[in-house]
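We just call them A, B, C and D in the order they show up, numbering each chain from 1.
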Amino acid sequence: MMDELRIAVVGVGRIGLTHAENLAHRVRQARLIAVTTSSAERAEAARRRCGAVPVYETLDRLIESESPDAVIISSSTSAHVRNVEQCAAAGLHILCEKPLGLTLEECARAVNAVESAGVKLMMGHTRRFDAGYEEAKRLIVAGAVGRPVLYRSLSGDVDPPPPSFADLGVSGGLILDSMYHDIYLGRWLMNDEIIRVYGEGGALIDADVGAVGDVDNAVVSARFAGGAMATLTASRTTRYGHDLRGEVIGDEGAVQVGRLRKTPVRWLDTSGVHHDAVFTTPERMGDAFVTMVQSFVDCVLDDTDPPVSSQDGLATLAVAIAARHSIQTGAPVEI
Amino acid sequence: MMDELRIAVVGVGRIGLTHAENLAHRVRQARLIAVTTSSAERAEAARRRCGAVPVYETLDRLIESESPDAVIISSSTSAHVRNVEQCAAAGLHILCEKPLGLTLEECARAVNAVESAGVKLMMGHTRRFDAGYEEAKRLIVAGAVGRPVLYRSLSGDVDPPPPSFADLGVSGGLILDSMYHDIYLGRWLMNDEIIRVYGEGGALIDADVGAVGDVDNAVVSARFAGGAMATLTASRTTRYGHDLRGEVIGDEGAVQVGRLRKTPVRWLDTSGVHHDAVFTTPERMGDAFVTMVQSFVDCVLDDTDPPVSSQDGLATLAVAIAARHSIQTGAPVEI
Amino acid sequence: MMDELRIAVVGVGRIGLTHAENLAHRVRQARLIAVTTSSAERAEAARRRCGAVPVYETLDRLIESESPDAVIISSSTSAHVRNVEQCAAAGLHILCEKPLGLTLEECARAVNAVESAGVKLMMGHTRRFDAGYEEAKRLIVAGAVGRPVLYRSLSGDVDPPPPSFADLGVSGGLILDSMYHDIYLGRWLMNDEIIRVYGEGGALIDADVGAVGDVDNAVVSARFAGGAMATLTASRTTRYGHDLRGEVIGDEGAVQVGRLRKTPVRWLDTSGVHHDAVFTTPERMGDAFVTMVQSFVDCVLDDTDPPVSSQDGLATLAVAIAARHSIQTGAPVEI
Amino acid sequence: MMDELRIAVVGVGRIGLTHAENLAHRVRQARLIAVTTSSAERAEAARRRCGAVPVYETLDRLIESESPDAVIISSSTSAHVRNVEQCAAAGLHILCEKPLGLTLEECARAVNAVESAGVKLMMGHTRRFDAGYEEAKRLIVAGAVGRPVLYRSLSGDVDPPPPSFADLGVSGGLILDSMYHDIYLGRWLMNDEIIRVYGEGGALIDADVGAVGDVDNAVVSARFAGGAMATLTASRTTRYGHDLRGEVIGDEGAVQVGRLRKTPVRWLDTSGVHHDAVFTTPERMGDAFVTMVQSFVDCVLDDTDPPVSSQDGLATLAVAIAARHSIQTGAPVEI
């Protein structure tokens, strides 16, 4: 039995570098053995922050030279499925950043590859491991809200991404990249599946994002199989902070997740009462990144099921794609 | 020039009695001269709380005997248009509780009657006079949020109304009775008109409400003419309190209205930190009822335009009817 | 049996005018019949806001001409005892603003006069009627905090008063005028008497206040007979708002009173999250002024004991005087 | 030049084990090389959580065998000075948990030893590194509050410690162990020295703590050299949570530090609105432990002055001893 997992990280952009650092310094029973990136700058950053870790230009070469036990895939979404297939072929366990792919078809291919290889695939749904959402789930399961009837969520990013990222063919756009989180959380918190969506969206603020077919703000109405309803909002222009909120209202009570504050300080002067806000995902999510990766390491070492399965990834993506389609067509979409 | 307005109140149910009391005790330059009700119990309550005010069974008899200057119409919604026509015929200025009627056609009749008679008609949109929404409007107008792109609202009532009230032919149901407020506030705060809505709704908790054709929970997505988007939620089952919230997110900031707390107290014990919540409209709205009626009195005495016009009432109702229609048909509705 | 109390108001400065307005418009079973003031400007304000009420230059003339049933004394503190004696001699019931006087000796005289005359004397401790403090008391009595061991309070005014008011011979200064409230609330909430105090104070910001012997900021430590402890803070320079807070910590929990917010709105931009604050006593206290006067009217009409007795006034003043003495001498003072 | 500091931890009780774990996993350019403890159970815990680290029964033997570069002293307070002398004699840099000792005399000895040896001594004032207090300091220095005139603090622990710890000869008792933090923070935030204190304290709840001469609740009034005032509260019986608060009020504004909440969730039901609270120091302080140790490591490797000096430790202890003396004697104490 392994008592330490030797893990590589594919792609060390913003999130990938966070994973690499956490593997290097904070996750128990795990060792960061290598990363991939084709950017000299990112390679340098990875070496500086992760203790002289080996850097490879391609995943193939990394696998060949280092024989990792497992891989965290944080490449761009358009590369996910190919990377999953490579890792599965090499018999590596996989933690893959969401979404698994850009179409349900390619995701099905990835799932097949994983199942044929008999390796584990866990989806990187970070917010699921945030202390706030975990406590909300615990309260709902404990009956604190009675029967859930409404799910309301908001995901706000401070600035639109560059068009190269917003491109529907790269990240999947606002709905697949950002509202995806809230769709997953809604399914998980409500313990139900979404069967119909209707969306409104537009590139109201950032014409560049519009030029590549994406929107910068959107609202989606959704219906669960059990009759409950949802309203989801995603915005790339909440300039006041990285505003993540979730709420479940039941017939006996409600739970609300979300706190925009960064430090436990407020200041007061003649113009009012003020406090700061979080502006980045690590500020808001804190230990959730570590908890998620730890959870992956534990499920591989203990040979248990991943807490977020590939089926979760597929079901969530199906809703996200339907929501994006509704925004594009102006008609409600049944799932 | 009058220096005091002699006002009658038509209907002294929950809201009408509040108006009558405020006229009797708290509104300046106004005098409560009579009320109508056919209920002996309500007549008694009105006399007890408003200083032995004369009570009439019908509006006609009240007008004949008391010759008021103005009337506040707080009868059931289905009686509004007829009451407006009676008052207009008698040359009385009118403050009419929302909505003006149950169909756009009958509302148009009421507006014609008022215009022919040359009397003032102000709509009773109480929340518009709440200190919170007024401050939000001020901030938005001052540019605090930049260009508004998202409007999010929630109206939560603690319990479903009796089916006799929920009846679409009496109150208009959840959308016309409750979400109506948020539609109006959205139009006002965003300074724009809603051009398309899509709704999901259901009688999830209260079968009695469903039996008369109404829903107890609903979410609506909406699109403004200028491109901005909205998501509106109405619930008759927020058991934890009378939860009214509104939020406008712009491309430079945001404003949020809403505070559920009743008293400025919190208590703390080993099970957590706790505070109470408001459960009734007067608890939440406070002076807004007085401010609204004062505003009506002032506009009559000063001969200025009502701050909430009959056109506001019609435009808001048009959206509410469209939203209800979308919930019933499952299709988005253009307005 | 009277069914309406005819009340005069002595002194229509800031607080007195509030009382007069509330009597004129909002208190049930009470009628404002006259006020006294020697200021033409205040007389005009009283007439404008209280419906052409008669104004007298002196209390004697008012009593002679109007024969009131009761009086609210809101003259300057240095005139309280004389006014109480005048009213007692005329057989009038009295609601007297705090403190009853500037020395325990003169207060004893006032109490004697009242007892001889057989009239009621209620102390004007407004905060006692604030919904927040009332709920805190209810929770403590209900056992929510267990055995109370710590009382912490803060009273913050936005600006120092003019030296003519700060003068120890006029208002009694910061401790008798402002911290007095917190001393009373502490005695009431803890249901115990203070037996020792130690204070530190200084005129740190406003030399004019220092020139008349007063301080603009002070902290006081206190000990209750039952062993519990208190720390009280008073400041004339909380520029950010009228900050009133109270807190009781027991061996099983705690209650905290206080909320600085004026409207239920917050706004958010790149510089942080902001909300407004209350700056005046009516903004913070809201209906407490009405509740207090209503309570006085009720106790006279129903012939019950005033909820805040003259003994409460004396015991509170004794502590306030001791605290002021400790600040002046630098030594703890036993009471 | 060293590029990694080899550090030992003396004493692996609650705080010492936290330091050891952070050195093992989270502090950059530092390596945990050994710990001391005479408890088999603690030795086992240290090995389990810090990767098979060598454990010694005594500091002497550890120094002899491992030749560390630096030491974190988290033994019981009564052992601090002796440990400091041992480490100084061996030429080791020192991070010593607060307070440095139980008397000013023995602390002076420790400081002499350190100065003679030419090693660095940093005091372990964790809260100084909390993001909240750091931001408060930044705001005050930036002028956000104007001239500071009041400092108010509260340190609340959920339960009294065992009498063996409360013993004045072991931990120094409530004032030296707990209020010490707030004294230091007050000096730092106000940028001024305390010159006089007066305290009230008692063993109101826990007779066992009283039996060893300590108190379980206390309030202290203090005066700064520049005229500003302070009120400090310490409690061992804030059952509702580990409640740490600090506040500076200036003549132009105020800053408040403190947030009791653990997770960003609130739940709402018919009994009110609820959220959880933090109950332990790591929950409240989060990364402050890592930040503090990192700061020590950096100052040794970069040969800069420690951010919290031994003089800070002595000045803070002098105030704490005076406050404890005032509680014992009932008289104010000049420092």
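One rule holds in what follows: a residue touches a chain if its C-beta (ideal position, glycine included) is under 8 Å from a C-beta of that chain, and two chains touch if they have at least 3 such contacts.
Model, not experiment: these values are computed from the prediction.
**Student:** With respect to inter-chain C-beta contacts, which pair, B-D or A-D, contains the greater number?
**Tutor:** Ranking B-D and A-D by C-beta contacts puts A-D first.
**Student:** Given that subunit A and subunit B are copies and touch, would you call their interface same or different according to whether over half of its residue numbers are shared?
**Tutor:** same
**Student:** Just the number, please: Cα centre separation of subunit A and subunit D in whole Å.
**Tutor:** 38
**Student:** Please report how many Å separate the Cα centroid of subunit B from that of subunit D, as a whole number.
**Tutor:** 56
**Student:** Going through subunit B residue by residue, note those that touch at least 2 other chains and give them in order.
**Tutor:** Residues 239-240, 252-254, 261, 268-270, 276 of subunit B touch two or more partner chains.
**Student:** So in the complex, the part of subunit B that touches subunit C is made up of which residues?
**Tutor:** Per the stated touch rule, the residues are 25-26, 131-132, 134-136, 139, 144-145, 252-259, 261-270, 276.
**Student:** Please output the residues of subunit C touching subunit D within their complex, sorted ascending.
**Tutor:** The contact residues of subunit C facing subunit D are 146-147, 149-150, 152, 154, 156, 196, 198-202, 204-205, 217-223, 227-231, 233, 235, 237-240, 249, 251-254, 330-332.
**Student:** Looking at the complex, which residues from subunit A come into contact with subunit C?
**Tutor:** Within the complex, subunit A touches subunit C at residues 239-241, 260-261, 268-277.
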